[in-house]
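Common to both upcoming complexes is chain A, partnered first by chain B, then by chain C.
Let's look at the complex of A and B:
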């Protein structure tokens, strides 16, 4: 699956340095991520300030009716200065956490993002954990009994879920479980993070929020778990014929012990990294699912910004989500290096 | 015992035909791949025959004949949308856009990916390293988020949406091609060819590319699947071509007119099912091709 980036593939062809330790490995990885960050900063500058030709028009599309307004805007953001100077200013403000002011809300983008990041983390975090646990379980059991009816069912469902736009799955769940079909009444709320009239931090409020999150979390979990199940299945299949399993069986271990203590432990390695490396895909899922369920997170913030279009918010959310992905990627790589000494080479 | 004399060209042709035949008979053993291929043929036929199957007048809002969100009937097999247009007509014409964007985006993505992968794998050195780094940098960026941002900067059209998906989804292909190129590069016959005085262009065209192409081929079908999913999502977010009906734009419309709360399943279900069908078909064909071309995966399924 090409959504899954294989760490082994990424490092293929790198010159082999014998005797290099973990520190050296970590240093190269950190340097790589810093490179990615620098690239992201430059890309962001180009995307929003150079590419459209006239940044004043892009960043404040349709807002400026007079030349004075345009000049004032250009001066305020330093857009009348030479490109290099602009880039330096952009770097300084961005690194100070100044991401501009939202055209729609008239508040700093940084504040908006800080307000909206909570629901996204809650939604994405819960779904990722659930998807990893269920997906890995499915993968282990279908690989161990590959070719069985369970395997065919699990693999078929995984492939179907993988081929499905996650937000469409969300729409279906809303229709069936929130609106209700025919005589079946709606069981869950159709959207929102919580009811308007409850205190979010009270016990009832927490329950209410959990109630509202059931469908979106279910949607994202189903969307994510396909990947984990498929990766786990194929990496366990790689182990299944291995000699050490025959040895383990010969020592008299029960099948479940052979599976859990020996095979799964080795096969988990590639899967753990996929959990973290897939974070880019996870971010995308959050955008569309938050839109469908109107959950006030970063994703909804971004899609609302699309219709204005509120470019300051868009570039801010892009920067924050991409930075998060780069950071988590680094963590995944460092953990992988810790677990598997072979990739340190 | 007289062996027929063959020119080198005829020999090569015969060998190629033989390997195609072997590939096809291997592919035929993958039932899921065959099913996928069948589904694809149906969808492609529907897209090509759209003008025959459904009058293009059915796409016009002003010439609509049905009522608002009418349930399926003998006249409208899949009901009508909020403008009174037949959902079936929209679905048939929508297949054109979804397939076209999917294929165009894939061509762009494959083109960039193959070029970057080949050059960075074959030449190595500073150029190779720089290209490799850039590939890694783009790879870690969240692909669809980047596509959304890019699409929002341009006026939407089919070309823009295809280009946006294409230029954001090539790094995976580039890494695959690079790894493949690196392994081909070290083979002895390349060395021999070099000694005999072959230039870089000749080596790349005659020796490296033909060895890499099968991988590109298998990867292509998987890329189309992802491109179609991307197109659907971008259209759903309102970034598609506003003048063309696609499955994604139908779902956007269904969502915004509240087909969920009115229970108009006929406007919500068919476009999504089509997307799932086509994407699944491409994925199945891709997986079957992969195992045909990569003997290590054989007997896996």
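Let's look at the complex of A and C:
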């Protein structure tokens, strides 16, 4: 792990008071993030206006017959205004927290996003946590006994799962575990987030949602195990020959203690970065899994908006997910700075 | 996987046995994760004993014991709005027709006008005044009476509105005044006779609710249930739960419906975002009906016990369209760069003989379709014109002869030339990348063109992109399709000169066709109008801006071990649901009541085990037993797991000391 050791020398010379140094560091990072946000706000508008297609024509095909009907639609949703005018309107409303009206669903985009973000967070959040925990565990044990049968099995199977298309894996789980094959009974629902007549917030409702989530979460977890397992495995392999481990062993620590308290702790940094990055992308959702299991999430909303193109939905989802990525990167940066003084330089 | 989870949960415990006796923050976090994992593992376990129950926990109850009868339909697209002024998707139209009535609706046999709220109508001699007589005693589901004032309000709102006009304006074209001389009569006055009348499928909305929705609010008015209060409507079902773009919509039967109460108590739509899971849900019994499945799925489902599947005729067609003359509408100059060959009707017609429509239906549509001919599908028996079979059959020799006659003779290099002797060049064919049918059709088309000695390239682009390409005129041919409404007026209008730059995608323009179009619009005698409409189809067939390749079908499947008595629309070959009107929502019966339609040869009869009298599982009483049993086991396992964790941890602590 050369990354960790190099910057240590740079800041070693002049001791700086911890408080002010960190504040300056934090201020730089916050300012940087705000700059990114401002850029994002502008880009967001023009990025989607260059998409091919005309919403009124896509939506109205076979329904609107006359030019008059097309004009009525465009006028009602402000699409007849000059681009610059639309941009000014966009800036004003967005800064007021209004993300516009969806052209397809004709409801405020904020409402749509509020409805859709819960399922996505639940699905992708749960499976990110599971994949990270299981993946790291697999990575640690594969690396510690690298070349062993366990290593070959764990590495092989996680890579196989990683290379499978998610929709195929999901469909396989549906056929085997939801419908049932031969002696295997159908245990889980084929799709959706909850049953129709259950109060979501009751105990039965929570249970019902968990029951519906088992297969999609399992699909995503299995698919992304390798992401964490491989990073963990390789960074731990870097540490395995290190002298401090010999020292630790010499003090009489048991092998498991050497591994968990010395080696893994040092090897965990790159994996933390991967986790932090992935958490930023949670809001974007997992489009294929949302499709296969019919989970009404944010990813699906954005994908379907592309074909219209539903400008305000695209802008809204892009703004929310990009803000989440920027925000979480900022948090990760700030935490790093707090944990490891070397990165402040 | 279970093993891994359980062991992983244990990892948290072991980590916790640190030096200092106090668990470190990170260890505590890991333990929490361990607990979550244990719960997750427990859930997996829990599902095992509950399996039998879980399999049945899905949906329907068709008991005769007085339980709620729920019909669950799997659909592949969301409702885009429950507000009838806003939505556009076919699913939305279906929901509105459950919630509201219209003055005139459609017959089940051939979708001709049929009495709705208006039990009868008459028109003046000159066709400029239409009088509709409403049924007496119809009420909204909040108890208010439905009167002619509601009809006038709805129509006026469309005539004077903005977005209101966008969806429904075409049905009221030419209307100058709407009035209600009394509670049961509505009079429409026209500026010129309208052949589309008396077709008025516009949902009639309650004035006492909608008058509160201002014209500025209407563009985002959702018209969804609030606080469990059903949406006010007059239809056979009332919307009690659901939002536009949501994944489930729940309707309850309106017991006081003026045409008689439906025979199912609850109607649930579940949105599936892809076809395979929807079909799996039908097999498992989570849904009772699916629509929009492929011919292959219909084939596979035909072997399932208790399921009836079919490819129903859908009133739509697919076509290969040529660029028949793109022009700049302001200057009249030509626009884009169409190949001179495709501008020539003789060339286009000859190509039509060089395509094998039957092979397209067999290979591209897997047999689920019919050979196409004209833009009005044969399901509309009154208006459809069918060309001579010889003119539709695959005949490359005849096509070659016609091309030779028109001057497109074969050059030395085996490629045909333009009449002036210069090479034709390469035709640019466009397919829609979002439709496999489209891509496959154009791949075949390219081969058939090559057989005739014409070079071409196929480019697949997204539909939205293709719209831009068409408007720019920079293409020679593309593949697309249309859905055709029961009245042919809209479809016919798309081929007129006025629609160029608007909905006309072929840029076709013909003076005689336009003249006939205007004529059929004001011809109120149905037979006379049909003759004109057929003549128009003949012109189109001969000028060939479109080569209509196939009439589509739509795959449907229903659990006939639970529900029966659906009647196809149109007769024999048509759809069970998602047609025009709500007849089948009133026809459908749980199998326990299927004897009602036992004597009706058109009605779908029960099959499978249900036919012998067994009834479906009762799942309407909330969460299935499976999930409850599962929940219990989860709780027990959580408590037990927690206890074990606690004990192990204590033992570990002692071990260290």
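To be clear about the criterion, the second predicted complex is superposed on the first by the 269 of 345 C-alpha atoms of A that agree within 3 Å, B and C clash if a C-alpha of one lies under 4 Å from a C-alpha of the other, contacts with A are read in each partner's own complex, and residues count from 1 in each chain.
Going forward, contacts are C-beta pairs under 8 Å (C-beta built on N, C-alpha and C of every residue); 3 or more make two chains touch, one makes a residue touch a chain.
Given the structure is predicted, the values throughout are model-derived calculations rather than measurements.
**Student:** Going by the contact rule set out at the top, does A:35 touch chain B (first), chain C (second), both, or neither?
**Tutor:** Only chain B is touched by A:35; chain C is not.
**Student:** With the two complexes superposed on chain A, say which partner A:181 touches: chain B (first), chain C (second), both, or neither.
**Tutor:** In the superposition, A:181 touches chain B alone.
**Student:** Tell me which partner A:88 touches in the superposition: chain B (first), chain C (second), both or neither.
**Tutor:** A:88 sits against neither chain B nor chain C.
**Student:** Kindly classify A:163 by the partners it touches after superposition: chain B alone (first), chain C alone (second), both, or neither?
**Tutor:** Touch partner of A:163: chain B, not chain C.
**Student:** In the overlaid three-chain picture, which partner chain does A:72 touch, first (chain B) or second (chain C), both, or neither?
**Tutor:** Only chain C is touched by A:72; chain B is not.
**Student:** Between chain B (first) and chain C (second), which, if any, makes contact with A:112: first, second, both or neither?
**Tutor:** second
**Student:** After the superposition on A, what does A:331 contact: first (chain B), second (chain C), both or neither?
**Tutor:** Touch partners of A:331: none, neither chain B nor chain C.
**Student:** Of the two partners chain B and chain C, indicate the one touching more residues belonging to chain A.
**Tutor:** C
**Student:** Give one of first, second, both or neither to describe whether A:294 is in contact with chain B, with chain C, with both, or with none.
**Tutor:** The answer is second: A:294 touches chain C but not chain B.
**Student:** Is A:208 touching anything from chain B or chain C once the two structures are fitted on A? First, second, both or neither.
**Tutor:** second
**Student:** Across the two complexes, what residues of chain A are contacted by chain B and by chain C?
**Tutor:** Dual-contact residues (chain A): 51-52, 58, 167, 171, 174-175, 179, 190, 291-292, 307, 309.
**Student:** Show me the residue ranges of chain A that touch chain C in the complex, using the header's touch definition.
**Tutor:** Its residues touching chain C are 51-54, 57-70, 72-73, 75-77, 101-102, 104-108, 112, 115, 129-130, 133-134, 137, 167, 171, 174-175, 178-180, 185-193, 195-198, 203-204, 207-208, 210-211, 214, 218, 256, 260, 290-296, 300-301, 307-309.
**Student:** Which of the residues in chain A end up touching chain B in this complex?
**Tutor:** On the chain A side, the touching residues are 1-3, 5, 9-10, 12-13, 32, 35-36, 39-40, 43, 47-48, 51-52, 58, 147, 159-160, 162-165, 167-168, 171-172, 174-175, 179, 181, 190, 234, 237, 279-281, 283-284, 287-288, 291-292, 302-303, 306-307, 309, 311, 314-315, 317-318, 321-322, 325-326, 329.
**Student:** Could you list, by residue number, the parts of chain B that touch chain A in their complex?
**Tutor:** Listed in rising order, the residues are 121, 132-134, 136-137, 139-146, 148-150, 152-153, 172-173, 175-176, 178-179, 182, 219, 222-223, 225-226, 229, 232-233, 236-239, 251, 255, 260-261, 263, 265, 268-269, 272, 275-276, 279-280, 283-284, 300-301.
**Student:** What does chain C use to touch chain A in their complex?
**Tutor:** 1, 4-5, 8, 11, 14-15, 33, 36-37, 40, 43-44, 47-48, 50-52, 54-55, 57-59, 72, 80-81, 83, 86-88, 161-163, 165-167, 169-170, 173, 219-220, 222, 243-248, 250, 268, 270-274, 276-278, 280-281, 283-284, 286, 434, 462-465, 467-468, 482-483, 490, 493, 502-503, 620, 622-624, 627-628, 630-631, 634
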